[in-house]
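Think of it as A, B, C, D and E in the order they're written, each chain with its own count starting at 1.
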Amino acid sequence: MKLDKESIIELLNQKGVEVLDLYPNQISVNIKKDNLLNHLVFLRSIGFDHLSFINAVDFIDEGEFELVYHVWSYTHKIHVLNKVRISRNNPVIPTIVNLWEQAQFYEQEIHEFFGIIFEGNKDLSPLFLENWVDIPPLRKDFDTKEFSVRLFGAEIRR
Amino acid sequence: MMDSPSYMLSKIAEKDNLTVYELFFGPNHPGMHGNFGYVLEMIGTEIVKVRPNAGHLHRGFEKLMEQKLWVQNIALVPRICVADPDPNEVAYCTAIEKILRVDIPDRAKFLRTITLEMSRLSSFLMGMGALAAAVGLYTAMNIMTADRDLILDLFEWLTGARVYHMFSIPGGVRNDLADGFVERLYKVLDHLEKRLIEYDKLLFENPIIHKRLKGLGYVSKEDAVKYGLTGPNLRASGNPYDVRVDDPYAAYPYLDVRVITQEGGDALTRAIQIRLEFEETINLIRRALKTMPEGEIRLNLGNLSALKVPKGEAYAKVESSKGEFGYYVVSDGGMKPYRVAVRGPSLPAGLLLAQKHLPKMKIDDVAAWMASLAICPPDIDK
Amino acid sequence: MVEILLVPLITAFISDIFIKNKRLVWFLFLISNGYILYKLYSLYGKWDLTYILNTDYQIFGAKLSLGLSNNPLGWYFAFFSAVVTLVIAIFSIGFNTNSKGNVAPIWMLIIFANLGIFYAADWITFFMMWELMGWTSFFAITNGNTKALDGAKYYLALSLLGGSSMLIAILLLGAYTKTFIIITSAYRLIQLFNLAEGVFTTILLLFIMAFFIKSAIFPFYMWPSKVYAVGPEDYIAFMSSVMIKYGIYPMAIFIVPVIGNLQLPKIFNAGNWMQYFIGYLGALSAVVGTLLAMFQTDMKKLFAYSSVANMGYILLGFASMSIVGFEGSLFHVVNHIVLKAAIFLSLAAVVYRTGESEMHKLGGLVYKMPITFLTFLFGIIAAAGIPPLNGFGSKWMIIQALMEKKMVVLVISMVFASTGAFMYLFRALVSIFLGQLPERYKDVKEVPYTMSIPMIIMMGLMLLIGVVPGVVMKPLTIALDALGYKVDIATWTTLSSSFKNATIDLKIVFYMFAMGIVVAALMYLFGNKSETIPQHDNYTAGENPIEWGVDADKFNYSYSFYQPFKEMFDPLFERISIDRFFSSIGKNFEYISPTIQGLYKRGEGAVLLFSIGVLLFILGGWIL
Amino acid sequence: MEDLKANDKRSYIDNLIDFFRKRSIWMLHYCTGCGAVELPPSMTSRWDIERFGIVPMATPRQADVLLVTGYVSLKTLKRIIKIYEQMPEPKWVLAFGSCTVNGGIYWDSYNTITNLAEYIPVDITVSGCMPRPEAVIDALQTLMEMIQSGEGGAYKKYKENYEYYKKNQDRVLRKTAPILGSSETESIYQEKEGNYET
Amino acid sequence: MIAAIRVFGYSLFAIFIGLLFMGIGRKIIARIQLRLGPPFYQAFLDVGKLFARKSITHNFVMDLGMIMSLAGLLSTMLFVPVAGHMAIKTSSNLILIIYLMAIGHLGMAMAAAASGNPNATIGVSRALTMMLGYEIPFFTVMLGLIIFNGTSSLELIAQSQAGGILNWNMVKFPLGFLAAEIALQAIMGEKPFDAMVAPAEIASGPMVELGGKYLGLAFLTHAVSIFVETGIMVNLFMGGASNVFTFVLKQFEIYLITILIEAVFPRFRIEQAVKFLWTVPMSIAVVQLAIILL
C-alpha cells in the first residue's frame, strides 16, 4: 500500500520525531541517539526497506558529528534522511548491522574516516587505509593539503 | 548425511587448518576489474572464506571536494567511476540545483538525459566485454570495446573529452549539440542494434556461457532489496525498481522509461538483463532525440566560479548503469561545499555479497561473478 | 634346494633369540637375504630339481604328498622378489635404527613362506605356506603399534576368508581330480570341464576368490589402503611390491592355463566369458583403484590404491589369453615389484625424516631430500609408464595384446587407468616434494647413506629394465619355454607384438630421449643466465603474504587436489559400500577370536611363541 | 662524441637482442586509476597495439613493461613496488597521466603520492589527464625507439640508487617509526580507541 | 653422428614450423577480432626476446622440468613420420607416441609446481584432469583405426591411405575424425578447453612463475606440441603426404580448424570440459568404433 509524503510525515509526527519536508520525494528527520534503533525499526516496518547508505558530517563549530542514515522506500517512493547528532568528544552510537547487513561496511568506513565508534559492531578494522597514524582524515580539523605537502612533497599551487 | 560438500569442507577446515590455503585474487590479477582484491581462503578449488581487500583506489574524494569551489568539483566527480562517469556529474549538479531550488531548462534536461544514456551504453558495452573476457571470449570483448569507441567519439564531439566529459554544470549543460550530431548518433545506434545480433550469437546465446553462468551467485528477490542491491542487479532478481521511474530526474518524467525485470537472479540472468537494458537504452535515446525541445541550455546563475549555494542539504540520486549513484551535499552557504558524501552502487555487491556468495564458489567463477554484478571498485573506494 | 627354505627359517629363529640386539638382527636379515639371492641365482636353469615327501595318506582319494619343485615361473617370481628384498634389507638397517618394534624375525618367516609359495609343488604345501604368510603378516603389520590393529584385523579377516575358500577349493580339487600336484591338477581340471561343469566352475571361482583377495583385485580392493597406512614403512615396501603378487603367481601357473585351454564359445569374436570375467574384474580394479588413489590424502593409502590398479593391469594382460598379454603381465609383475619398492622406499625416507604421511602437511622437501626426490620421480615416471624407464614396456605389451584381441572396453579402461595414474602420481610428487617448504621442516636432512644407496640402486634398476628389458624378458622367455609356451617376443632391447610392424626398440627410445635432452639443454644454455630466488618470493597479485598471516603452510595447494574431478564421482562413491561390509567383518572379528586379541596384548614373547607353534604344526604336518 | 662511442661498443648481437626486445614488448598492466579505462581501446580492435607485438601479460614474471595507469594511492604504491621488484630485468616503467608526475587533480590528497619517480624509476611518462590511446601508443613507440638505441635503462638506476628509493618508499609507507602527526594528537587517539595502530 | 645431425635438424624444423603456426594463428585470430594483428613472425621475436632476458628460477626442479618437457616433446616428434621421413628409422608406434607425449606434460607440470605458487598448482591439476578427459575419446578413435588397419604403427596407417582423397580416413571415418578433432582442441589446450591457463581465473596457471628463458622453453614446447599433434592428425586422417611441403600444408589445415574454434568460444569450467569430452566426442567415437568392429 503506497503512502504519500504527507501521511508519512503524519505517521512520523505521531511517533514524536521532528520531520522536515525538503524536496519532492525527500524528507529529513531529526532523531535522538537513543531513539535511533527504534526509529529505524519503525521505518523499516512501514516499508522503508532500502538503506541507501550512511554518512557522517563533521560540524566542528558546534562540536558535533551528524550521522545521516539514508533510507528509501520502494513502495512509497520516499527518501528519508535520518539525522542523528552526537558529541564530537564522545562519538559513540549504536550499530544498525542487525537491521541492514551492508551497514557493516558503511560503519567501518565512517569509523575509519571520522573515528566514530559503533557500539555492538564487532569488526571496525580499517577498510581503506593502511598504517594510518594521523587523525581520521575526513574530520574538519585534518588538513589534507598540509599533509600532502609534508609527506609527499606536493607543491602548493595558487 | 545431508551435508552439502561445502559444509563438509568447512568442517574439514576446522579440524585441520593445514588443509586450507590462501589465494590472492587481486589487486593485480588479470581476472580482477579495477584495483581491488579478495584474499580467498580455499580448500581444493573451493572458497571457504573471503576477506575483501578494498581501498587501493582511495583518493579521499570527499575530503578533496571540501577544498574546492562548487564548480571546480565538476572536474572531480566523474573520476569516481571511470566506466560510467556522467551519472556523477548529473547527480552532483542535481543536488546543487535542489539546494538552490532552481529548475533547469527542458532542453538541458534532455541533453543530460542523452549523455546519461550514452554513458550507460558505453558502460554496458564495457561490462559485457568484461564478462566475455572473464570467461575467455576475447573476440566479443574486442568487438564490444571497439563499438564502445563509437560512443566515445560522439562524446568527444559533444564535450571535447572521450571519458571525463564535465558536461553538466549547475544550472544546465555546457554546450548544445553540434550540427549533424543527431544524425551521427542515429547511425551509431543503428549500428549497435545490428551488432546486438552478433553479440547474441557470440555471447548471450552461447551454450557454454549458459552452462557456466546458470545458477551462479543467485540472489533472491527479497535478498536483493535487503542487501541494498540496485540497478540491473536488483531488476534481474525480479524487482521492478528503477530510479529513473521511482524518483525521476532530468528528462525522464517526459520519457516513457520501460523497466525491464527478469526472474532468476543468477549471473546468467544478470548478463541477459544488461543485454536487454542495452537494447532498451538504444530505444530510449531515440525517443529522447525525437521529443527533445528547442530552447535554452542553461540557467544564468551568474559567475559560476563565484557560485554560492545557500545553507542546506540535499540528496540526489541517479540510475547509473551499475545502480543507484547518490550524492549527499551539505552547504554552509559558502563558496565551497561543506560536505559531499557519495553513495556508490558497488559496495553492497563488492563487499557484502562477496562474503555471502564467494564461499562455496569455485575459483573458476570469481571473475565471472564479479563481472556479472558489474562491481566497479573506484566507487567503493572513493 | 631345500636350503633356501631352511636358511630364512633358521635366521628367523636366531633373530628371535637376539631380538633385543637390533644391529645384529638386521645384519643377519641382510646376510640371509643375500644368501637366498645367491642361491636362487644358482638355481637358474635347473628346472627339474624337485624335493618330494610322499606319504600314504589319502584325502578323498587323492594321494597326499608334500613337495617343492624348481618351477621356472616360481623361480622367476622368487628371483626378482629376492633382488628387491635384498635392496629393501639394506634400507631397513638404516631405517630401523630407532624404531620401536622389531619386525625382522617375523619378516624372515614371511620370506620363508614367500619362497615356499613360489616353490610349492602341490596344493597342500602351497596352502600351508599361504596361511603362514597370512598369519605372520598380521603380526608384522601391527609390530607393537596399537593403532595398526584395526587395519591388521581387517587384513586377517580377509585372509581367513581367502584361506577357507582356497581350502575348500583344494579339497574339491583333490576329490575330483585325485591329485594335489599343481601342474597335474591343472590338466585334469580341464578335462573335468566336460564332465562336471558346475564343479569345475565352483573350484575355479573359489580359487579365483582366494587369489583375488590376496592381490587386492576388485571387489577386495580395500585392504591395502588400510594395511599400508599403518604398517612399518620398510615392511610395507616389501608387502606392496612382493607380497601382493602372491595372488598373481597361482593365477599365472594355474588359472591362466586352465582358462586358456578351454574351448568356450567366443563373444564378439574376442574372448570367452571366463576371459571377460577376469578382464572386467581387472578393468574394474584398475579404474576404481585409480579413481580412489586420486582422492586420497595419505600418501601410503594413495600408493595402496595404485597397487590395486596395477594388479588390475596384470589381470587385464591375463584376460587377453594371448602370449603377448601373458608375457606382458608377467613382465609387469617385475616392473611393479621394482617401481613400487622404489616409491615406498622414498616414502619411507620421507616418513623417517618428517614422521608425517599426510600429503597436505608436507611440501617443498625437494630442497632438503634431493635423492629421495629423484627416486620418487623415477618411481612415478616408471609407474606412469613413461618410456625411458620400466613400466612402459609391460603396459605397452598388455595394451597391444588387448587391441589385438579386440577387447575394446578393456583396453579403453586400461588407458583410462594409466592416464589417471599420471594424475595421482603427479599429485603425490607435488604435494610431498614440490611447493612451499613448511617452517617446521626447515631442519630436515637427506637420509643417511645406508638408506640413500638402496634408493640409488632402485633408480638404476628402473632405468636398466626400462632401456634393456631383456634382463627380465630373457629369463622370463626361458622360463616360459620350459613351461611349454612358444615365445618369440623380446630381444635384449626390443619388444614386439603380433601386429604388423609393431616392434619397439627401447634403446632407440632412450637415445631419442637423450637427444631430446641434449637439444633442450642446448636451448636452455643458449638463453640468458638465471637467478635463483627464495621459494616464498611468488606472484601474489602484489600482496605481501606475511601481512595477511599467510605462511608456507597456507600457501600450498595440495589438499583435495582434484576437487572438481572428485565432485563428478561423489554420487558414485557414496553407493559403493563394499568397504563397509568388510569393515564390519574386521570389527566383529575380535569377538570371533579373542585369542588373537589376547596374544597381541601379551606382547612380543607371545607372538613369538605363537609363531613357533604354528611353524611346528606346519613342519609336523609336512614330515608326517 | 661520448654518446657515439657508447653506440660503437654495441655489437651486432646487442642490436639483435634489442630488436627482439623492441618488437616484443609484454606489458603488465597495473590497473590503478583512470588510465586503465583507455587501455582496452588501445589493446583491442580499434587501435590494436598487438600489431607492434605488444600484448598484456598476466604476471610480473612474464612482463617487460609495467604500466602504472594513473594516480597511485599509498596502498597501491606498496604493491607496485613489490611487483616492480618481482619483474626480471630488463624492465621498464610507463607512468600514465599527470597524476604520476605531480599528483594531478589529486595533488593535495592525503592518500595519493605526487611523484611516482621518487619511489620507482620511471622511463616514460605519458601526458594528459587522462592520456588518449594515441598518446599511449606514442609512448610505447618512444619506448621501442629507446630500447633500440639502448637508452631505456631506468631499472639500472634503481639498482644503483637503491638507498634513495628505499628511503622514500619507507617514508611514505611508514615502515619506520611514525613521523606523521604531532605526538599529542597521536596519543589522544591512542587513548580514545585502540583501533588506530601506530 | 649423421643421426645426431638429423635429429637436430628435425628438432629445429619442428620448432620452426610450430612457431610459424603460432604466429599465423595469432594473425588469424586478430583478423577474426577485426584487428590487424601482429606480424606472422611475431612468435620468433617473442622467443628471441625471452631467451635474451634474465630469468628467475625457484629451484633446480624448474630448470629440470622445463628441459624435460621440451626433451619429451622433441623425442615424441622424432617418432612422428613427416611425409614418411623420420630422423631415425624406427617403428612409429602410436601407443609409444601417446606415452612419450606424457613426459612433456610431466616436465611442464613439475616446473610449474616447483615454483610453489598455488595458482600454478591449480593449473597443473586442471591440465592433468583435462588430460584424462581428452585421452579417452582420442584413444577410442585411434583404437578404431588400429583395429581396422591391423597395425599400431602410425607410418603404416598413413601409408594405407595412399591414393587420393577418397582413401583418407577422414573421408572413410568422418565420425572418428569429428571426435578426434574435438579431442584435439583439448589436446592443444585451446578454447573451449583452456581451463588450465585461464588468465582470468588463475593468472595463466602453470606459466604464472615462468619468465625469461623458462617461458621461452615453454613456447618452444608448445610449438613442438603443435607440430606433433597436427602431425599425428595428418598421418591418422589425411594420409600423410608425399612431400614435406604438402605435409606442412595439411598440418596447417588442421591447425586452422583449431584456431577458428578457439577464436569464437569461451572456456568451459574444468569439470564441464571433462563431462563434455566424455559425452559428446566419446559417444561419437564409440559409434565409430562400433561401426568398425561390426
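Simple rule for what comes next: contacts are C-beta pairs under 8 Å (C-beta built on N, C-alpha and C of every residue); 3 or more make two chains touch, one makes a residue touch a chain.
Source: prediction; values computed, not measured.
*Asks:* Enumerate, in label order, the chains that touch chain D and chain E alike.
*Replies:* B, C
*Asks:* Which chain pair is joined by more contacting C-beta pairs, A-D or C-E?
*Replies:* The comparison resolves to C-E.
*Asks:* Closest chain to the overall C-alpha centroid, by per-chain C-alpha centroid: which is it?
*Replies:* Most central by this criterion: E.
*Asks:* Taking each chain's centre as the mean of its CA atoms, which one is farthest from the centre of chain C?
*Replies:* Greatest centre separation from chain C goes to chain A.
*Asks:* With chain centres taken as the means of their Cα atoms, state the distance from chain A to chain D in Å.
*Replies:* Chain centres of chain A and chain D, defined by C-alpha means, are spaced 38 Å apart.
*Asks:* If you average the CA atoms of chain B and of chain E, how many Å lie between those two points?
*Replies:* 43
*Asks:* Roughly how far is chain A from chain B, centre to centre by C-alpha average, rounded to an integer in Å?
*Replies:* 23
*Asks:* How big is the gap, in whole Å, between where the Cα atoms of chain C centre and where those of chain D centre?
*Replies:* Centre separation, chain C to chain D: 59 Å.
*Asks:* Of all residues in chain B, which are in touch with two or more distinct other chains?
*Replies:* 21-22, 27-30, 32, 42, 45, 55, 58, 60, 63-64, 67, 142-143, 146, 362, 364
*Asks:* Multi-chain contacts only, two chains or more: what residues does chain E have there?
*Replies:* Answer for chain E, listing residues that touch two or more other chains: 33-35, 52-56, 118-119, 122, 125, 199, 203-204, 208-209, 212, 269-270.
*Asks:* Provide the list of chain A residues touching at least two other chains, using ranges where the numbers run on.
*Replies:* Residues 126, 128-130, 137, 142, 144-145.
*Asks:* Write out all the pairs of touching chains, ordered by chain label.
*Replies:* Those chain pairs satisfying the definition are A-B, A-D, B-C, B-D, B-E, C-D, C-E, D-E.
*Asks:* Within their complex, state which residues of chain C touch chain B.
*Replies:* Residues in contact with chain B: 360-361, 540-543, 545, 548, 550, 553-561, 563-564, 567, 570.
*Asks:* In the complex, go through chain D and note every residue touching chain A.
*Replies:* Chain D residues touching chain A: 74-75, 78, 102-103, 107-115, 118, 171-174, 178, 180-181, 185-186, 189, 192-193, 195-198.
*Asks:* Which bits of chain B are touching chain D when the two form their complex?
*Replies:* 27-28, 30, 32-35, 55-60, 63-64, 67, 75-76, 79, 82-83, 126, 129, 141-143, 145-146, 148-149, 152, 162-164
*Asks:* Note which residues of chain D are touching chain E in the complex, please.
*Replies:* Contacts found on chain D: 16-17, 20-21, 23-24, 44-45, 48, 50-53, 57-59, 61-62, 64, 88-90.
*Asks:* Provide the residue numbers of chain A that touch chain B in the complex, in ascending order.
*Replies:* Against chain B, the touching part of chain A is residues 22-23, 25-26, 28, 49-53, 55-58, 68, 70, 74, 77, 79, 81, 100-102, 104-106, 113, 126-130, 137-138, 140, 142, 144-145.
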